[in-house]
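Two complexes, one shared chain (subunit A), two partners (subunit B, subunit C).
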Partner chain A sequence: MKKVIVHPERCVGCMQCMPACATAHSRSRNLFAAILESPVPKPRIHVGAGLYQEGFPNRCRHCDPAPCLLACLPGAIFRDEELDTVLIDPDKCINCASCAMACPFGVIRYHEDCHAPPGKVVAVKCDNCFERQEQGLIPACVEVCKVNALTFEEPGEALKRKTDEVARSVSLGVSQAELPAGFARFALLIGHKRKELHVGRP
Partner chain B sequence: MNDTYAGRTITRDGQLLLEKAEKDRVETVWDRFENQLPQCGYCEMGLSCRICVMGPCRIDPFGEGPQKGVCGADADIIVARNLCRMIAAGAASHSDHGRDLIEVLDEVAKGKAAGYRIRDAEKLKRVASEYGISSDGKDDLKIAEQLAYAMQEDFGTRKKALTLLRRAPAKRRQVWDKLGIAPRGIDRETAEMMHRTHMGVDNNWQSLLLQALRNALSDGWGGSMIATELSDILFGTPKPATTAVNVGVLKKDQVNIIVHGHNPVVSEMVLLACRSEDLLQLAASKGAAGINLAGVCCTGNELLMRSGVAMAGNHLTTELVLTTGAVDMMIVDYQCIMPSLGTVAACYHTRMVSTSDKARFPGMEHREFHPDNAAEEARALVKEAIENFTNRGEVYIPVEPVNAVGGFSVETILGALGGTPQPLIDALKSGTIRGAVGIVGCNNPRIRQDFGHVTLAKRLIENDILVVDTGCAAVATAKAGFKASDAAQMAGPGLRGICSALGIPPVLHMGSCVDNVRILVLASALANALGTDISDLPIAGAAPEWYSEKAVAIGAYFVASGVYTVLGPMPPVTGSMNVVKLLTEGLQDVVGATFSVEPDPEKAALAIRRHIEEKRRGLGLPAQKV
Partner chain C sequence: MKHVIIGNGIAGISAAETIRSMTPDADIVMIGDETAPPYCRPMISMVLEGSITGERLPIRDADFYERAGISPVLSHRVSAIDVEGKSVRIGGERPIPFDRLLLATGADPRPIRAENRHLGNIFFMRTQEHVRGMLQALPQVRRALILGGGLVGFKAAYGLLRRGVEVTMLIRSGYPLSQQVDSHAGRMILKELVSRGLEVRVETDVAAFDGNGAVRRAHLSDGTEIPCDMVVVGKGVLPALSFVPRDKIAVDLGILVDEQLRTTAPDIYAAGDVAESMDIARNSRWVNAIWPEAVAQGRIAGMNMAGRTVAYKGSLSRNVIRIFGLDVMTAGIVNPPEDDRYKIVSAIDRRRRSYRKLVFHEDRLVGMTLVNDIEQGGVLVALIQGCIAVRIPGEKMLAPGFNCRRLFI
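This part shows the complex of A and B:
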C-alpha cells in the first residue's frame, strides 16, 4: 500500500505543504475561500527548523503500535486498517491531551475543526488525506511538494531506491559519487547557512 | 547574562537592551527572524518567480520536479531576473533620494525653500563646471538653478552617458564602453531593467546581468553620486568632527530626539530647530537640561559626518533604542525604517513621526516635510517633543557612549594628505600601507550584530590595511572604538605610524550608504594618479552583514567599477550555478573584478589580504605571501 514518505534531506522549508494540508481539510477545499472560513482550517503537517535552519516536515507517522492510541482512554483514537491510518474521532475526543503527551513527535494539535462538532476543541492530526484518497487523489502535502521531500509510494520501492543509491555510492567511493544535478545548488546554500550560524556565536 | 542576547549582538548596549525588551515584552527583529525559520529555500535560492500571474512558479533545485516556470524560464533566467530586480529596486531608492536633493537645490535657487541655503559654494562651482556650467559673473543661486536642471537631465533619456562617469579613470570607461554598459540615464537604466525582466523580454541570463551592472553603475556614478554631492553643497562638505556613539548618547536629563532614515533634507532642519534659542528655553522651562539630537542609521550618519551629531545605533539597534524609554520623539524619513517601530514606541511614551510623502508606517503620525515648510515643521515637531519630555516613565540608559571621529570626505582625506593623493600612494608603494578596503552595508539578523564588521575591520587594520567605511558598518566599528582618536594603537606598525602622524583613526568614517560613491571618487583619484585602472589597485570592498536591495546595487557598482567585493550573507542566487559562477569568477574577465561570498570575517580578511597582495604584485610593488 502506498504511503507518504518523508525525505527530510530534500525539504527546502517552503512550507507549501502546510496551507495545502489546511485547505484539504477545509469546508471549501479552496485556499482563497478557506482562509475566510470559521473555524479557520489548520495544517496537520508542520515544518520545523533544524540546526542549520533547514526545513523539516513533521507529520504523524501512523505508528504501530501507536502510543497516542494506547493513551486515549475514551477510545477516540483508532486505526483504519485499510489505509493503515491512525484516526481521531472528534465526537469521542474529550480534549484531555493524553495523546499529545504520548506522541513522541509532537504532531497532535488542539483546535476547532470543521469536521468536529461546532465550538468543540478537539485533538487533530494527519489523517493521510483519506477523503482525497477515496477520490483517487494523492495526499495534498505530497501533491504540492515540488522537490519530492514528500512522496506517496510503496515503502518497499522507496527503500529499494535508497538502498541502491547508497550501494552505488559505495561502489564509486563516496567522494566520487555523483550527486544528482541539483544537489550542488542546495548543498551550497545549506553549507553557507551552516557557516553563518557558526560565525562568531559564543 | 542570557546566552541568546550575546548570540544576537556583540554590542553591550544591544545585549542589555534585548534583556530589557524581553522584560517589557517588546518583540524585536530577532524574534521575528526566528519565527520565520525555516525560510523558504526556493526564495533563498532565487528559484521562485512572481513576475507574472501565469505563476507563481518555482524550480526544483534537485532537478527532478519542475525545471521551468510556466513561461519556460529555467533556473538561470529566473535567478537572474530576480537578482536584476533587486538591483533595480536598490538603484531606484538611491536615485530617488538624489532626486529629492535636486528638488531642494532647485527650490533654494528659486527662493522657495526657507531654511535651506548653499553652504558649500565652492563645491557648487566645482560640480557645476563638471556639468559644463560656467560660474563667471553668476551668483550662486543662478549656478544652482542651472546645476539642478543639468542634473535632472542625467535622470532622463536624452543623454548617451551620465555626466559624472567622467570622474572614472579612462581605462575604466573603456571597459564600460566596450561592454556597452556605460549608463545613459539614471531612471532609464532602472526602467529598462524592469522592462527586460518583464515576461517575454530579455531571456538571456548573461545579457540580463550585464544590464544589471549598467543599472548599478547608474546608481553609483549617477543617483547616489548626485545625492552625495548635493548634500555637501546644501549642508556642507564633511570635515572631521568628534562625536559619540551607542545608546549611551541618549541623555537622561535632556529632551531626546532621534532622527532615522536616509535623507538629510528633513534632519538638517530638525538640527537647526534643536539649536534654536527659544526652543532651548522652552526645554529648560520643562525641566530639561537641553535638547539632545541623536541619529540612527544613515540619517544619523549624514548628521554625524557634517555636524558631529551623536549616533545612537545602527540598523538592528533601531528598535532597542526605543526600549530605553528615553526617546521623546523619533522622526523618520525613508529607507530601512522597520514598520515595527510604531508598535515598539507604543510601549513607551515616544512619539513617532513620519515625514516623507512617499513613506508611511503603522503607528506613526504623518507630518509631511517639503522644502517650503520644512523649517517650520521641524520647529513645531521639536516643540512637541519638548512637551512630551514630561510624559516620560522610567528611563534605562545602560552604557556610556564611545568617542569617535567622523567626517572624512574625499576633500578632507586629500586635505589631510596635503592636497594630493601622493603621500597615500607613496605609503602604498613602499608597503607601509598594504592597501585600502571599503567596509559597507547593513546589519542582518543572520549574522551576530556587528561581529562581521568589527572582526573584519580589526583584522585588516592589524595588517596595515586602511579601512574606510560607511552606513551601518561605520557605526559598528565606531561602537567598537576603532574611530576613537587613539584607535591607531589597534593598527599594525605601518598604518599606526601614518595614522598617528596625521592624527586620524585607522578606520575612516566616509558617511552614509549613498556616500559609498566617495569611495569610488577616492579610488578614481588613486587610479588616475597612478595612470591605471581601479581594478589594478590594491583595494577591495566588503559588505559583511548586508541585507537590503540597495546593498546589492552598491555591491554591483563596486564590482562593475573594478573593486573585488566580499559579501557576508549569500544573495539569492545559489539556484543557478551559472549565475554563481559568473558573479564569482566570470566577471573577472568582463570587468576585472568579482564577488566573493564568505560569512566568516576571519576568512574574508584572509581572502582580501591575498587579493591586495596579488594586486600589489601586479603593480610591481613589494608583495607578501598571505
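This part shows the complex of A and C:
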C-alpha cells in the first residue's frame, strides 16, 4: 500500500504543505474560503527545523503498534486496518492529552475542528487524507510539495521496519534486548538518511 | 493450557486480549469483583465533574467476554491462592485450577484512621460505584472536604468545584500534587485552583468526624474544625494483595516482578497497579500505578504467559492533567535529590504562562515537568524511557521549535 514518505533532506522549509493540509481538512476544501471558516482549519503536518536548520516536515507515522493508541484512555484512537491508518474518533476523545505524552514524534495537536462536534476541543493529527484517497486523489501535502520532500509511494521494507521498531519499543514497554539486533531504538528519530544531514552543516 | 486472570481492570483485560490473540484455543478465566463491562477508571472523575455521563465509561462492549472466548467469574473476590496446588479460591466455592495465573488486582484506596470514619457521605474515589454514591449525595452537598492533594484528591476537588460545591483541601505538603510536580509548578496549580474558589489548608490532618448519620463536621489535628457535608479521601492507593501468601510470593509494597513480569512463584505473573517493577528513571523498584503501565505490563505478561518470552524494560511514573487554564505533564524524577550528578534546566515564559523543567542524571534525561507547553512531551518521555544519552544541551531542548529531529547529531 502506498504511503506518504518524508525526505527531510530535500525539504526547503517553504511550509506549503501546512496550508494545503489545513485546506484539505476544512469544510469548503478551498484555501480562500477556508481561512474564513470557524473554527479556522489547522494543519496536521508541521514544518520545523532540525539540528542544522534543515527543514523538517513532521507528521504522524501511523505506527504499528501505535503508542498513542495504547495510551488513549477512552479508546478513541484506533487503527483502520484497510487504510493502514491510525485515526482518532472525535466523538470519543476527551481531550486528556494522554496521547501527547505517548507519541514519540510530537505530532498531535489539540483544538476545535470542523470534523468534531461544535465547540469541542479534540486531539487532531494526520489521517493520511483518507477522504481524498477515496476520491482517487493523493494526500494534499504530497501534491503541493514542489521539491519531493514528501512522496507517496510503496514504502521500502527497511523504512517500515524502522518506524515499527521505534513504535514497538515505546508502546509495548519492551526492552531493547528483545528487539532485533542492529536497530538503535531511536534510529528513526535520527532520520533514515542521516548522512545527508551534513549537507546543511554550517 | 488454562490461564486464570484475577482482576478485570485494564491490566487484566490487556493480558487476556494478548493471550487470546496469540493462542486461539487456550482456556482463559477472568475473575473480578466489579460486574460492569470493562471501563475506564480514570474517567470516573469526569463523571463526577459532569463532563461525561456514566454511559461513556465502558471501553469494551458488553459482549466482550463472550467474543474474546473468556469465561468470566464476576462479582467474586479471590480469597486465597494455593501456589503448590495451582488453584485459586473464591470464598467457600470449589477452587479454580490454573496452569498460568496473572495477578492483576490493581490497588485499593489507602484507608484513614480518623474517628467516626464510617459516617455517611465519606467517600473514596476508586470505582464507578463510588462516584455513583457521590452523585447521589451531591444535591445535598454545599461544602466538601478533600483529604490529600494527590492525583485522586486533586481530581475530586476539581470535579466538585466544577459542580459549584465549596471545596476545602487538606494537604500535608505546601501544594497539591507534590509527588507529581515540583514546587514551582505546584504553586502555579495552587494559584489556579485558589482563583477558582478552592480553599487549601496545609500541614494538618483530620482527627475525627461527627454528624448524625451523615458527616457534618471534621475535627482537625490542629484543634480547629471545619463544617462539611461530604468528605473525599484521596490519600493514595495501596496494591490490592491481601489474598497473596507472602511466604510463597515475594511482596514489598507491591508484588515483586522480574523482567518477564513473573512473581517469585512458578507460573504466577503480576501486572498493573498491584505490581512492583524496576523504575527506569529511579533505577530502583517502584510501584508506578498508572494506566499506560498497566496496559504495557498486561500485554507483556500476556505474551510471556502465552509462551513468547518478552522482556519488559521497566516502568516510568508519568501523568498529564488538564485543569481550568493549565495543562500539566510530568514524567520520571521531578524533584531530584541534592547531588552533583543531577542537573536541572528550566524555562519560564510569563507571556505564555508556561514553565518547563528537565532533570538530567549525567547525560541522561530522567525527569520533566511541563506546564502549558506539552505538545512535545511525548518526545521527552520516549527519551527518558529509552535511557538514551542526550547529546545536545538541555537548553536546546527547551528552545522554541524543539522537535524530535533536533535530538541527534
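By our rule, the second predicted complex is superposed on the first by the 155 of 202 C-alpha atoms of A that agree within 3 Å, B and C clash if a C-alpha of one lies under 4 Å from a C-alpha of the other, contacts with A are read in each partner's own complex, and residues count from 1 in each chain.
Everything below uses one rule, namely that a residue touches a chain if its C-beta (ideal position, glycine included) is under 8 Å from a C-beta of that chain, and two chains touch if they have at least 3 such contacts.
Keep in mind the model is a prediction, meaning the values are calculated, not measured.
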Comparing the two partners subunit B and subunit C, which touches a greater set of residues in subunit A: C
Touched partner set for A:R10, first subunit B, second subunit C, both or neither: first
Partner chain(s) touched by A:Q133 [first = subunit B, second = subunit C, both, neither]: neither
Subunit B versus subunit C as contact partner of A:K146, first or second or both or neither: first
Touched partner set for A:S28, first subunit B, second subunit C, both or neither: neither
First (subunit B), second (subunit C), both or neither touched by A:G48: both
Subunit B and subunit C footprints on subunit A, overlapping residues: 48-50, 56, 185-186, 189
Subunit B-facing residues of subunit A, complex: 10-15, 47-50, 53-56, 146-148, 180-186, 188-189, 192-193, 195-196, 198-202
In the complex, subunit C residues that touch subunit A: 40, 42-43, 46, 51-52, 56, 59, 259, 291-293, 295-297, 299-300, 310-315, 318-320, 322, 327, 329, 331, 374-379, 381-382, 385-386, 388, 392, 401, 403-409
Subunit B - residues contacting subunit A, complex: 3, 6-7, 10, 37-45, 48, 58, 60-66, 75, 446-448, 451-452, 455, 568-570, 574-577, 580, 597, 599-601
Subunit A to subunit C touching residues, read off their complex: 8, 46, 48-51, 56, 58, 67-68, 70-71, 73-75, 94-106, 108-110, 169-178, 185-186, 189-191
